[in-house]
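One chain, subunit A, appears in both complexes that follow, with subunit B as partner in the first and subunit C in the second.
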Partner chain A sequence: MIPQPFRIRQFRQETHDTFTLELEPANGAAPAAFQPGQFNMVYVFGVGEVPISISSNPASPRLFMHTTREVGTVTKAMRRLKKGDIVGVRGPFGTPWPVEDSAGSDIVIVAGGIGLAPLRPALYALINNRDRYGRIVLLYGTRSPNDILYQKELKQWRAEFDLEVYVTVDRAIGSWRGNVGVVTQLIPKAPFDPLSSVAFVCGPEVMMRFTVQELQRRGVAEDKIYLSMERNMKCATGFCGHCQYGPTFVCKNGPVFRFDRIADIFGKREI
Partner chain B sequence: MKEIALKAGDTVVVARGDLQALLDALAARDYTLIGPTVRDGAIAYCEIRTVEDLPAGWEDEQDGGTYRLHRRGDGRLFGFTVGPHSWKQFLYPPVLKLWEARRNGHGFTVHRDESPQPRRAFIGVRGCELAAIGVQDQVFLHGKYVDSTYQARREGVFIVAVNCGHVVSTCFCVSMKTGPKVGKGFDIALTEILDADGHRFVAEAGTARGAEVLAAVPHRPADASDRAAAEVVSANAEQAMKRSMDTEGIRDLLYNNAEHPRWEAVANRCMTCANCTMVCPTCFCHTVEDVTDLSGSHAERWRKWDSCFTMEFSYIHGGSVRPSASARYRQWMTHKLASWIDQFGTSGCVGCGRCITWCPVGIDITEEVRAIRETDRAAEEG
Partner chain C sequence: MENMSEILAGEPFLQNMPRQHVETLAGCAQNVVFQPGQFIFREGQPANEFFLIRHGRVAVEIYAPARGAIVIETLGPGDVLGWSWMVAPYQWRFDARATELVRAVALDGQCLRGKCETNHELGYELLRRLSSVVAQRLQATRLQLLDLYGAAK
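And then the complex of A and B:
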């Protein structure tokens, strides 16, 4: 599969180290429809290609948004791009969040840092059909108040769509009056019915480990917890072997896994 | 001689002196011939033209960490086993340009070299190797996606297999059920016989095109004694095989022993040099490199064999997922023997023994399995 050219329609700096690219096909082709939780391989000409989740609204498939944190070679080069520049895109790839299958349940979304990006399409999809779900609770943790993504939307969703949003930061600075501490501390008191909830979790692996423990402590069943895993990826099509996680390939069997299907290996050392 | 029609499944006898006619018949059908030759003191798969290019009279000796060729004292053409090369280098090249791209007014256009591949005939494919090709077919052709570079190379291949008559100490194909007699997937399978009745090949046609080629080669029908002589060759090879691996329940054995102390012990010897994955005929991992020229208007993507033994292999922001040598050795062996079964419905190991021979410190996959089995933690608890 070869990269297709996409034009940057908008470049938005989100926080000091994250930015969002809004992409549209440069050759007039329609981008493929995608499901919340899927990712693209985004190619910076001559520099490299990295997996980045799609963070836009699945109801507007003509647009791919990618919220990216600047961490290394490719993401730094991506950060230097401007409106009108071209990137390559292969995708979408991977398994989605079980948005439709969760109708009728409470939804608990637990996100850490940039982990909110792959969850945003799920949030859009949930509020697109708000009446199909019970309570929708978002528990979101970042390092500091300066790292909180999508602040405007969080406010809007809270106000208009009956979404319960709890944000916590590791380190309070400035005028922050909200929660301080790791996101897992929010789970015991969060308003959802553990016996009829589905949990979507994305963040650093340690954060997901403690999140699963807390969710299980509240009584959420193993098969009602979904995690998005991260591994090195070079191909996204099951050939390069880099993304192996036990018997799975994260690129094609994931990135979203139902927890009971990886419970055997989850948290094991260096798998 | 008038050509007599043959069909798949037929067995004939080709004299040593007529083997060149088989090579010629393949060349006449536009095949590029690849076969074993002696290069730098080892058996290497290279382009060949005549029977004289084959390693007549050579025999290999292999053991953990050692490989040596010596004269066997007869004129056998296939009296050795497998060297460091495998056929995967032709179907899945070690380094390959996947595409190149040029900037233009509307972004860039990607160009992929889709010029037809040479049709290759592989001469001398052993049982374990034929199985390895089958394993890679499963990986590259029969999953959710198809690797078009592999497909383009694989499609035209003509396979002349050889039933092994000599084994080395590292072979364990019997345990892996891949040899010494070749299984499915060949066009022609040869058994080399050198006895009082002379030097000849019992040749079985595995496919219609194999039969068509054989029909063009001087031959006589195989009689019962020829077939019996061929069976003896395979039976003797099987008898001579000393190394083994007990594969009973191996998938769960390794999954259940992910925390076994043996991984630490083997890691103390392992140099994480990645030799085992480079010589393995089934390992398929690769990395990609994106490059650009000085003007920045031309870019290329290259694919290169990679190995789970490197630190970079599992790198994600913040560090490698498998920083310890024990975790990397565990990944390799568990993938070969256990998770491969979940992923592709087959073992990832065909018992060729290359990883044992080419390991600089002679780590032996069969020995590692045995050590874990003997101290199976799950069994001890249960």
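And then the complex of A and C:
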């Protein structure tokens, strides 16, 4: 549980308030293998530690990629780091997206805002084994055209013949010719078979609540919907209790939960 | 070639609507085409029809000085465009512009209002369906207003 030193191999500003760090082990050792949906605790020395989901391709195990928003003390300090700087990394932690177990199904990925980051490895894993799945549909909603993450990858994925990618923004002016509206509005018309689909959902919790409703209205079963939950994670091993979510800990039993297992506490304001 | 009743019966908005009502609606309907960039209606104009989009995409927008056209939502095949024809004073509240070639069925609002006044079953059926569309759009608008994807404050 001691943070291992990782060197920043690349820093990339994604949008005006989000950035990506590519990290490689500073001691030359291979980083631990990870599964899509898992997270690391990333430590800015002298400032603090934050959980950030891993967003790299799981088939490229030589590095960790972390995309985050500049929002608190630690991520603001992280934003000021440069290529070659060292950070501490503990992990990977948490439960993954059920990529392997979903073989044979249509896959519907619904992402909101920076929620695309934890889903990116899942998309790579699906694409890496494309023949094992039915239709793969990505529905991505964000605030404005300037807030779209991973634009290069989205364009590549959109160009694939066997991948359906739909992007929508909440507001747009000027030259935007794409969809405008919330991401939940894409669900009723998205091309997937609800009776044989598995849904991976990540985004702000309110967005996930309405997404679950739309998926259920479309006919996707409760036990085929997976959500990535977010709480205040500190120890990442289920000891400290900061991320308690009903009878579970998000760091240990999550962050990816099957919806039917949290349906009775999901959206409750007391929890 | 499909007749108008068959076209309407295949539209999601009118799914499972009793046949006699569809026949009545067909009497108030016509196929329309809009070129990319063409306005379908403009804010302030009389709202005398509504549209069932069959092909293409429509931007519902409002013009703000110094900011230009702000797109509020986009609609596509299977969507209903416009409900101001049903609500006095029957004026469009926004602009609607085809962003690509749009094929749609236009239903004459004045004709329909008259038929709904005399045929309350048809009126109820139409209002029930339109209310559902309005409720979905209201919910979507509320979510947009929440600015969910911004950083938590």
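Keep this in mind: the second predicted complex is superposed on the first by the 270 of 271 C-alpha atoms of A that agree within 3 Å, B and C clash if a C-alpha of one lies under 4 Å from a C-alpha of the other, contacts with A are read in each partner's own complex, and residues count from 1 in each chain.
As a working rule, a contact is a pair of C-beta atoms (placed from the backbone, for glycine too) under 8 Å apart; a residue touches a chain by one contact, two chains touch by 3 or more.
None of these values were measured; they are calculated from a predicted model.
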First, second, both or neither for A:C240, with subunit B first and subunit C second: first
First (subunit B), second (subunit C), both or neither touched by A:G48: first
Touched partner set for A:R258, first subunit B, second subunit C, both or neither: neither
Which superposed partner A:G112 touches (first subunit B, second subunit C, both, neither): second
Which superposed partner A:R135 touches (first subunit B, second subunit C, both, neither): neither
Contacts of A:V206 with subunit B and subunit C, given as first, second, both or neither: second
Subunit B or subunit C, by number of subunit A residues touched: B
First (subunit B), second (subunit C), both or neither touched by A:R171: second
Touching partner for A:R79 - first (subunit B), second (subunit C), both, neither: neither
Subunit B versus subunit C as contact partner of A:R9, first or second or both or neither: neither
Subunit B/subunit C common contact set on subunit A: 71
Of subunit B, residues touching subunit A in the complex: 98-99, 101, 103, 106-110, 112, 139-140, 143-145, 147, 255, 258-259, 284-288, 290-292, 296, 299, 306, 308, 313-317, 321-324, 327, 330-331, 335, 338-339, 342-343
Of all residues in subunit A, those that touch subunit B in their complex: 1-3, 5-7, 26-27, 43, 45-49, 71-72, 86, 88, 230-232, 234-235, 237-242, 244, 246-247, 249, 252, 264-265, 268-271
Of all residues in subunit A, those that touch subunit C in their complex: 17, 69, 71, 112-114, 141-143, 147, 168, 170-174, 176-182, 184-185, 189, 203-204, 206-207, 210
Subunit C - residues contacting subunit A, complex: 59, 67-74, 76-78, 99, 136, 139-140, 143-144, 146-152
